[in-house]
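Here subunit A shows up in two complexes: once beside subunit B, once beside subunit C.
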Partner chain A sequence: MIDFHGYGWRLLGGALLTAELAVLSLVLALMIGLVVASIKLSRSSVLRGFALLYTTIIRGVPDLVMMMLLFYGGQIGVNMVVDQFNSWLGTNVFINVNAFMAGVITLAVIYGAYMSETFRGAFLAVDAGQMEAARAYGMSGWLAFRRVRFPLMMRHALPGINNNWMVLLKSTALVSIIGLSDMVHIADQATKATHQPFLFMVPVGLGYLAITSVSELAVRWLRQRYDAGFHTAKRGA
Partner chain B sequence: MEHWLAQVAPFLSHNTIFTPATLAAYWGGMVTTVQLVFISLVIGIVLAIPLAIGRASHRVWISGPIWFYTYVFRGTPLLIQLYIAYYGFAFIPGVQQSWFAFFINNALYPALLSFVLNTGAYTTEIFYGAIRATPRGELEAARAYGMSSFTAYRRIVLPSALRRALPAYGNEVIFMLHASAIASAVTITDMTGVAYNVYAEFYSPFPPFIFVACLYMALSFGIQGVFRLAEKRLLRHLKPA
Partner chain C sequence: MADNAIPLVVRDLHKSFNDNPVLEGLSLEAHEGDVISLIGASGSGKSTFLRCMNLLEIPNAGDIVVHGESVKFKTRRGEREPADWKQVERIRARLSMVFQGFNLWAHMTLIGNVIEAPVHVLGKSKKEAREHAMALLERVGLADRADYFPAQLSGGQQQRGAIARALAMDPEVMLFDEPTSALDPELVGDVLKVMRELADEGRTMVVVTHEMDFARDVSSQVIYLHQGRVEEAGKPEDVFGNPSSERLKQFLGPRF
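After this line comes the complex of A and B, so read on.
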């Protein structure tokens, strides 16, 4: 067995935190992406303008700067808003912004912008006749969305979602810079203490490759699910 | 104009953060960031073109190792690669006395090494994809003219493949600019490092980070503009009529 100088369990805990952070931000980013994509396809030009501004800003600013802004500025910003509400309502609420929240929110906001582009393209790729058919069957708007538009859209969106997810996963490493104990942070501490960089950094790198490989399986399963009814050339028509 | 200046001047004189000293620091950070990114990208391209050709090779002993290189460097965070380059050589006994000491004593060199290897991996995949997309007929025509495969690559495959790679490569340049922000994690005072120092000095997060975000945005849009112009010129033949 490799001797991790007592850092073994902490590294595993860090890996768990990385996975939690990544999955939580992915779920939030998907929700933001869906909402913003719907706004981009809506008729209101004011809302569309805001959505465009949002994705433009996110594309222009590095993840790390966004994260620092939210982490170092988030507490002050939240305090200002909460204090205002406190003085109006006469309450005494305090909301604590910790590094985990700042990390999740930043990653979700950043990758929500990229997801919205993916979803927008995928929604546009859905054949209009499918929705007309759903209406003709008497489905309500929500039912038609859930049963027809969403599943058809997902088939086009999956490759893009997969790409964004890979980038998001690697971006979680940035939270170690704002002091969150993910696996990179613990490997960094262990390296400084033991002077053995390869012993800790290489397993962490393998950890990322492992998470990628597992998610590859999940994507394959999802792809099969959403490809149902579409014969690809590979499987034979 | 004068009216406008008269309105701006009191704002500038009353603020404590954006003094000539901090603005000079921001300028220095911008120079560091641009240098770091530009040098990495140039060396990355030089590395990527032969690697992409090798990646397209039918011989597995050539394409296999290159595939492995891009897989590892694209599959792990740049921050890990940076830490390995930064710490990896620092703890070797006797390294401070060797000729290699320059590499350890200035964080710019390890940062450059990791950035070059990282962008090299992504650029290799981008160019490889473009090479693979070369229409079969063009290659057959080149062979029919009696070109050797070296000549065919030089005259036919690379000119069209590198053009086709332009949009994807533009994204990679912006990605690199944004990724370079992590250089501040290994004591380099790039743009993000300066913003952090200003934040720590005045303990005021919004002005320094929002200002640096605007600087990054300006650089990103500048790069985007340059690539859009280049695409307009070089990809004119692919434009829908």
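After this line comes the complex of A and C, so read on.
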């Protein structure tokens, strides 16, 4: 049995935190991406302008900088709002920005921008006749989206989503700078204490590989599901 | 006859795209069992006319009345648009459309396509919809293809499947937008045969077509459009047998 000098359980806890952070951020990023993509394809030029501004800023600024801006700036912003309420109401409340939530929101805001581009392209790749048929058969906007537009779009979006997810997962390592004990953070501490980088960094690398391998299975399942109907093996049979 | 007994009445329809007039005052009355063929050269406005009937295009002026129910319009920022999209959805569900490019939903099997709108738009039970769908697929000769995806079917099979999808709505009027134009010549016959059978059983149909034999043999009325106006209209024996317009004579050529 390998001796982790007592860091074994903390390392596992860090891995769990990494996975939680990544999955929660992914879910939020997907929602942001869908909404922003819809805005980019909408008729309102004002909304489209805001969406463009959002993706331009996010994609042009390093993740690390965004994270510090949102984490520290977020705390300052929350303090300002809370102070204002305190002075109005004569209360004395302090709200601490939870590092975990800050991490999730930051990653979601960053990767939501990338997701929105993936979704936008995927929506545009859907043949217009498919939605026309949906409308011609009396479907409401929401029903047509749910039954026709979304499932057809997903086929085109999946490779991009998968790509963004891989990058997002690895970006979770950045949260250690805002004080979260993810697995990289723990391994770094352990390495400094024991001077044995391989003992801790190799398991961390394997941990990321384990998460991506599991997610690869999920992506394969999704791909099969959304590819149904697009393989023409039986054509002309 | 009172309007509410007539399946589809269209009055004085106007439509322009970016100030280019495409339809300039077109009208039509489809009575129960009528088969109305719209013919004309490319760009004459016949497809746009048809697409206005189920509001895939929004006409700039004119009325659309389905069994007495008039589509309500309003004007917003100088653009005319339907006042009540719920009403539009309801009316579309009563007028099934068959497209030139079939437009079967690619991610659903053939039977999935046929039951989709009956289940999700009309609220029928899946079981009932499936039974009806199987009977319709039987009719168009595709019962053994029910579980195939559109990409696994030939163009002719897809279009017959699309006709089954249209029939599954129990439509009051069927709108056909050049249903055979995208088909290989040897596949056209099967689709036209199905359409002839529908006409024979008294379906009310409006058909945009380049198939002159079909228009002549099956229609109760033929409308020849030229540059967004009705150039000539009447019974097929008159329109084909004794056309008065010079343009129509040219359009029909020496065969008629």
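As a convention for this text, the second predicted complex is superposed on the first by the 220 of 237 C-alpha atoms of A that agree within 3 Å, B and C clash if a C-alpha of one lies under 4 Å from a C-alpha of the other, contacts with A are read in each partner's own complex, and residues count from 1 in each chain.
Note that a contact is a pair of C-beta atoms (placed from the backbone, for glycine too) under 8 Å apart; a residue touches a chain by one contact, two chains touch by 3 or more.
Quick caveat, the model's predicted, so the values are computed rather than measured.
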Subunit A as common anchor, with subunit B and subunit C clashing or fitting: fit
Touching partner for A:Leu52 - first (subunit B), second (subunit C), both, neither: neither
Touching partner for A:Asp188 - first (subunit B), second (subunit C), both, neither: first
Touching partner for A:Pro197 - first (subunit B), second (subunit C), both, neither: first
Contacts of A:Gly73 with subunit B and subunit C, given as first, second, both or neither: first
Centroid geometry (CA): angle subunit B/subunit A/subunit C, rounded to a multiple of 10 degrees: 110
First, second, both or neither for A:Gly138, with subunit B first and subunit C second: second
First, second, both or neither for A:Pro62, with subunit B first and subunit C second: first
Closest approach of subunit C to subunit B (Cα atoms, Å): 27
Intersection of subunit A interface sets (partners subunit B, subunit C): none
Subunit B residues within the subunit A interface of the complex: 72, 75-80, 83-84, 87-88, 90-91, 174, 177-182, 184-185, 192, 195-196, 199, 205-206, 209-210, 212-213, 216-217, 220-221
Residues of subunit A that touch subunit B when the two form their complex: 57, 59-66, 68-69, 72-73, 76-77, 170-174, 176-177, 184, 187-188, 191, 195-198, 201-202, 204-205, 208-209, 212
Residue ranges of subunit C in contact with subunit A within the complex: 54, 56, 85-86, 89-94, 96-97, 99, 101, 103-109, 116-117, 120-121, 148-154, 165, 169
Of subunit A, residues touching subunit C in the complex: 127, 129-130, 132-141, 143, 147-148, 151-152, 155, 226, 228-237
